[in-house]
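Two complexes, one shared chain (chain A), two partners (chain B, chain C).
Right, the complex of A and B next:
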């Protein structure tokens, strides 16, 4: 049997089945879950490569499990936005590799959790992949639950009191947002009688009948996904959860899981742009403003943090602000920039969390004051951290530059230059923080002996960090490739159906 | 001050939701889209196409099989989440049973359940246990014909396990969750879906496909029953193990 047409099913299946078997292989030996998770992610990454190759060849394509064509069965649909599975697999794979040493630093009482930790990591990646490649609203919800539930537990897995509280807060906000999304899907099903995204769009096109359910559904979907994406003012769960989680988990949560909310928004926007039911100007304006507030507020809070991980968490809110603002601008440049920033920010934020995680692993400290001088003790890790820092500020020629530039262009294209300046202001604010960080790490004398004597991170941590850091540079130089790749997808997103 | 704010917020949230519900087609209206579009085909052709007289099972396992596969994954995730958050190394019993295959227990434990139980409850639970198990088996195996199926039957089995554990004590039901078997049971539903889906891929060329050819009807029925049994075992294991884990911590 030729596998070429089946990769779309396999990429969803592999991590989930791999997860189900992780507790089984844990019976063999204490170390096997790590190797098992690594090989599962390797197969998944291979599937992702095949899918991305295929979309380069023939454009968007579908797979119908069970053989029932849409709308009667569930359709898996791979479009340009689904190509984000590439970065999900890459960061997921590297997070597993990074964890192989990190799980040793779990407190004594939590050692028994290691196999479950890997199970949850695989489930989380599988859920995200399923979410990005499904073409069915209810299926979207099911995968969202897989990734949300595993996310809540991953925050608490380290066992500290603060992590458990943060996970609980995350759980409460996440559960409410899931409920909103589920309720909205019910509304859409009630008025269209179908769950397939393309079919819902087609049936809402020229819809006759009361539009109230569709309008309320739109509101609930946007609020629900904005909570998952941590857009101001629905971000309150994020800083604690992302700062308290184990560092490889923070990389996955901050780099990938929040993006799921944005991808959900893109799917929703496809339905409403396509059907042309409502004029979305007001909603877009709300998104632009919320994005702008997120940018400035996230950067502002980040500047005043002493805890490095907390600062990275606030910077995620700021970056989600860029993406949401780009979406709200609804101009080609803005949406292209936003879509590519989904991808680039995942690389950058994972680099930063990996580097910081390695530093915390080696020194045991996590604040700027305690970590003075660490740049000289751990040169390679600190270089990766600096590359990540330059990228997140958006200095050319790094990955962060082009997408922010595009979003700013989008603001001018939409005739809203003010927001272009907000964007630059946010970048400048965050720049202050990184200057503080570089100053502390390189130019201040260490205050702790552990920091001065720390060795560079072990290979299993250094390798993922350096790979991602070099990707931050490569994506900056090859920045045009993703921009041109996503363009047809964006054109299709913004166009009304049949127009 | 907090309560009035909370109540007014709840009302504020309720207004748009009610407005949305008011705009939905009248409940039971035969011309509503939910009855005329996709489900019309399920009702008309579901029995012969999907191979289950119980239409709900047909939609759940066949037309929308990937959703059911996802749902059992959600349940599995919930169990792993509980285990990941609550597993604490100091559960010495678990370690002991891992090492020498059986549990060291005092004579007192052997005779008495963990909590005192009234003799009436003790007797009644033991009396109905075999019938409950039989009923669960019926619900599971007959799920593609009559209302019921793996999820419901699994819940009955899990409930039975919990009732027996409470009455007889953990030591008597522990052999059912041997350390070697437990991880297979936890993932039973997810793994069954993968296996049946792969068989379907070999037979029909698509993952989770069911053969429609009349000569292969028996294969299709067996696949459906295998799914029901897998869902039930996995579901029961999840309920039982969440219970055991929460009791341990």
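Right, the complex of A and C next:
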């Protein structure tokens, strides 16, 4: 199947250029930025579709801008894990649509700042897309900074007093992790003399010099990306940042941006598994344990939150725990489960944040106590929220179940059944929160008149929420699509392990 | 490879039995907004057709035919598959039969309740999922429908939205989810070890598997299903959930939903492990001991309980102990008794809970101490109650006698006469906690304060009374017609023959 070769360049450039131009088009009319952002994301999504189709037919492929081949030029490389751009574009597109009404409710936007919000959102998506498709370590760092910096600003947009504090905390942790990653990339460049990921892997293979610098680089990369992914104990920045941000931003941050850390880890694994320099058993064991602690700790804290968004933020930590544990298990099923959950959790968490965002938009309240009875007032939104909650708990046959099933299988495959237990019981804690939510939303009398009289969300919010909620179900039933898709990628990643 | 494979027949009927109630559930809130009667008619028709489908499997099954349908292949490792074997037919017909009675009963019992669309929608969803449990052809299908109906039950338990109901609901869901998660661990583990998850008579797991692993899987399953089957000490949710739920729902909760746990245990024992491995593992005596303790412990608690529904709930725990005991003995006779007791108990306990609903609805009676003289006001209700009680105690020729007879023979066959004492003792205590209710209703003078109310309160309307009496008469019918081909007893025998071949 022949496809235009430049989609890979286009998917990176479109959101970045679109972001830069948003303030300019805003001069035309107040409403233009929304349409501009939407069309930018539409083009990007189309490019993403073409790329995913291409990898489906051809397998991984590269793009060399201007014909400058590695090691001189900067290579873009698209493999199965890069297909996450599909979900980035989908959630990003829906977040823009969701924001079109939501931004009206934010006081910050009263004075024409909306275009900058869209700029940041597009930059964030562009950064993520660049991060996932680049084949070059320095480029990886640059895109990580693009998405991190826009992320800090987007958190602060929330406007409440806590938002600035949360953004600052996020910035501080993010900056440290970025530095670590940058140093590590410097180390790797020093050792191998190249920044191309494939080249670094090849040159580290059979490397005969001292191995200590490569080990230090590995440590820094893992810590850096673990911070971005909010793995325990590096998670402290996440709950406030995700809860304080405007809801569509929370959906993007929680669903997508934390995954950057995980995808970064997969890239690191690709280098180090491929190079065969170290036996990574110890690192894997550490990751499994940290994953397990994240699952239980995140879920445990989530149960005690009254603020719905804070609960969702803690549940993200828990879910990142699943993914990290799956990666650490280093068995086929475990890594497949983790990779599929990168996709599925993005859909589920975005559903939840959109639904909660719509409820907050309509009622102005965000705690369980205040929101009593909202399920009857906003039935469709509440149903979407319920579907999302059931998925996040992993009740079959929703999307969340796949990850539980495969990572548990992976735990048995790795001969560590204990972690299968942890995984399955961690999800239970979250369900307790969900029961509290159902009780409050459906079975209690409203305490506020605004809640009792609220109407279902406006179409621009309801549509994204319902689309994602139905995807939570569809991706559960059509689980074989992402699964068979990611399988060759996982096999290639784990091939050097001889399994 | 296996003899049964010759008789496999692809069929879409089981799929309809699962989807039809779900379709009814979807329609309930839509129709309910415009016309209550249209909704009620559609629901009854959906439920009745489901029951007809469930009964239609009986003749073919008796000839040894097994219908199956592949629902969905989610991933190479996850697929849904329905397979209607004798055990499934027995349970499915029980579920659907009881559901028709309960649905008709609730139409008039719940008429003045709030949020009826929600109630009926979830009731029908539960029916669909229960049918899925009955006809599940592999472990994962079983698990999915089992988890779904367990969770969909929640809105029904908390239907009244009182603080007590919400508390009972929370307790229920926590227990059930822990149990469900244990089952999930067992299912994943089994799949990992066996590489397959189809439920077949010979057992899934091979005897070459490590004994420790087999024991781990076994206890995961037993503890998981034990929560639902209310094996002491995992029974905590039962006595709270039943009084909290609306009476018609208590009837199915007690009649078939608790039994779904024992049904799961039967599936695991006979079709995941198989007799040989379990005999070799030596775990079943422990299960039998737990079950025997359950029979006694719950029966004693029932005696000291004043609330009628709580007393009946403890009775359910005790009766389910019989079923678990019968399965745990690993003998053909005991297994037949256990499986047929699932059906017999469903109708007996269903009738009792429906009576309890009538008593509380028409006479405001919720505890045993208020029962004095009520038989004069509600003769039909009390007649139904008495018949079902006698069946529960095991009076010949009622249904309870049949199951206990087979259980007793099976116990002697298995060479463990001690459990015969459990069986008889349990029945004796059942008499102790049920007969005083009847005595009080018939022979005690009603308190003078209620004498004035006597004129205004009379027997329940036919809408509620007929299903109650039918459920109660089933006790008699299942006892008298036990030897007719196609009866629950014959189906249970057929199922057990396959397991013990």
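Criterion: the second predicted complex is superposed on the first by the 489 of 499 C-alpha atoms of A that agree within 3 Å, B and C clash if a C-alpha of one lies under 4 Å from a C-alpha of the other, contacts with A are read in each partner's own complex, and residues count from 1 in each chain.
Convention: contacts are C-beta pairs under 8 Å (C-beta built on N, C-alpha and C of every residue); 3 or more make two chains touch, one makes a residue touch a chain.
Quick caveat: nothing in here was measured; it's all calculated off a predicted structure.
Bringing the complexes onto one copy of chain A puts chain B beside chain C with no clash. By the touch criterion stated above, A:59 is placed in contact with neither chain B nor chain C. In the superposed model, A:364 makes contact with neither chain B nor chain C. In the superposition on chain A, contact is made by A:396 with chain C only, not with chain B.
In the superposition on chain A, contact of A:406 is made with chain C only, not with chain B.
One geometric descriptor of the composite model is the angle centred on chain A: between the Cα centres of chain B and chain C it reads 170 degrees, in steps of 10.
After overlaying the two complexes on the shared chain, residue contacts for A:480 are found with chain C alone; chain B is out of touch. In the superposed pair of complexes, A:206 makes contact with neither chain B nor chain C.
By the document's definition of touching, neither partner reaches A:488: not chain B, not chain C. Number of chain A residues touched is higher for B, counting chain B against chain C.
Of all C-alpha pairs spanning chain B and chain C in the superposed arrangement, the closest lie 39 Å apart.
Note for the complex: chain A touches chain C at residues 333, 390, 395-397, 402, 404-406, 408-409, 412-413, 417, 420-421, 424-425, 427-428, 431-432, 435, 438-439, 442-444, 476-480, 483-484. Contacts from chain B toward chain A in the complex involve residues 16-17, 19-25, 32-39, 41-42, 62-67, 69-71, 73-74, 76-78, 80-85, 87-90, 179-180, 182-184, 186-187, 190-191, 194, 197, 200-202, 204-210. Contact residues on chain A toward chain B in their complex (touch as defined above): 1, 6, 9, 13, 16-17, 19-21, 23-24, 26-27, 63-68, 71-74, 76, 108-113, 116-117, 119-120, 123, 126-127, 130, 136, 138-139, 142-143, 145-146, 149-150, 152-154, 156-157, 164, 167, 183, 187, 189-195, 203, 209-213, 215-217, 219.
Here chain C touches chain A in the complex through residues 72-78, 80, 140, 143-144, 147-148, 151, 154-155, 158, 161, 166, 169-170, 173-174, 177-178, 181, 184-185, 188-189, 191-193, 216, going by the rule given at the top.
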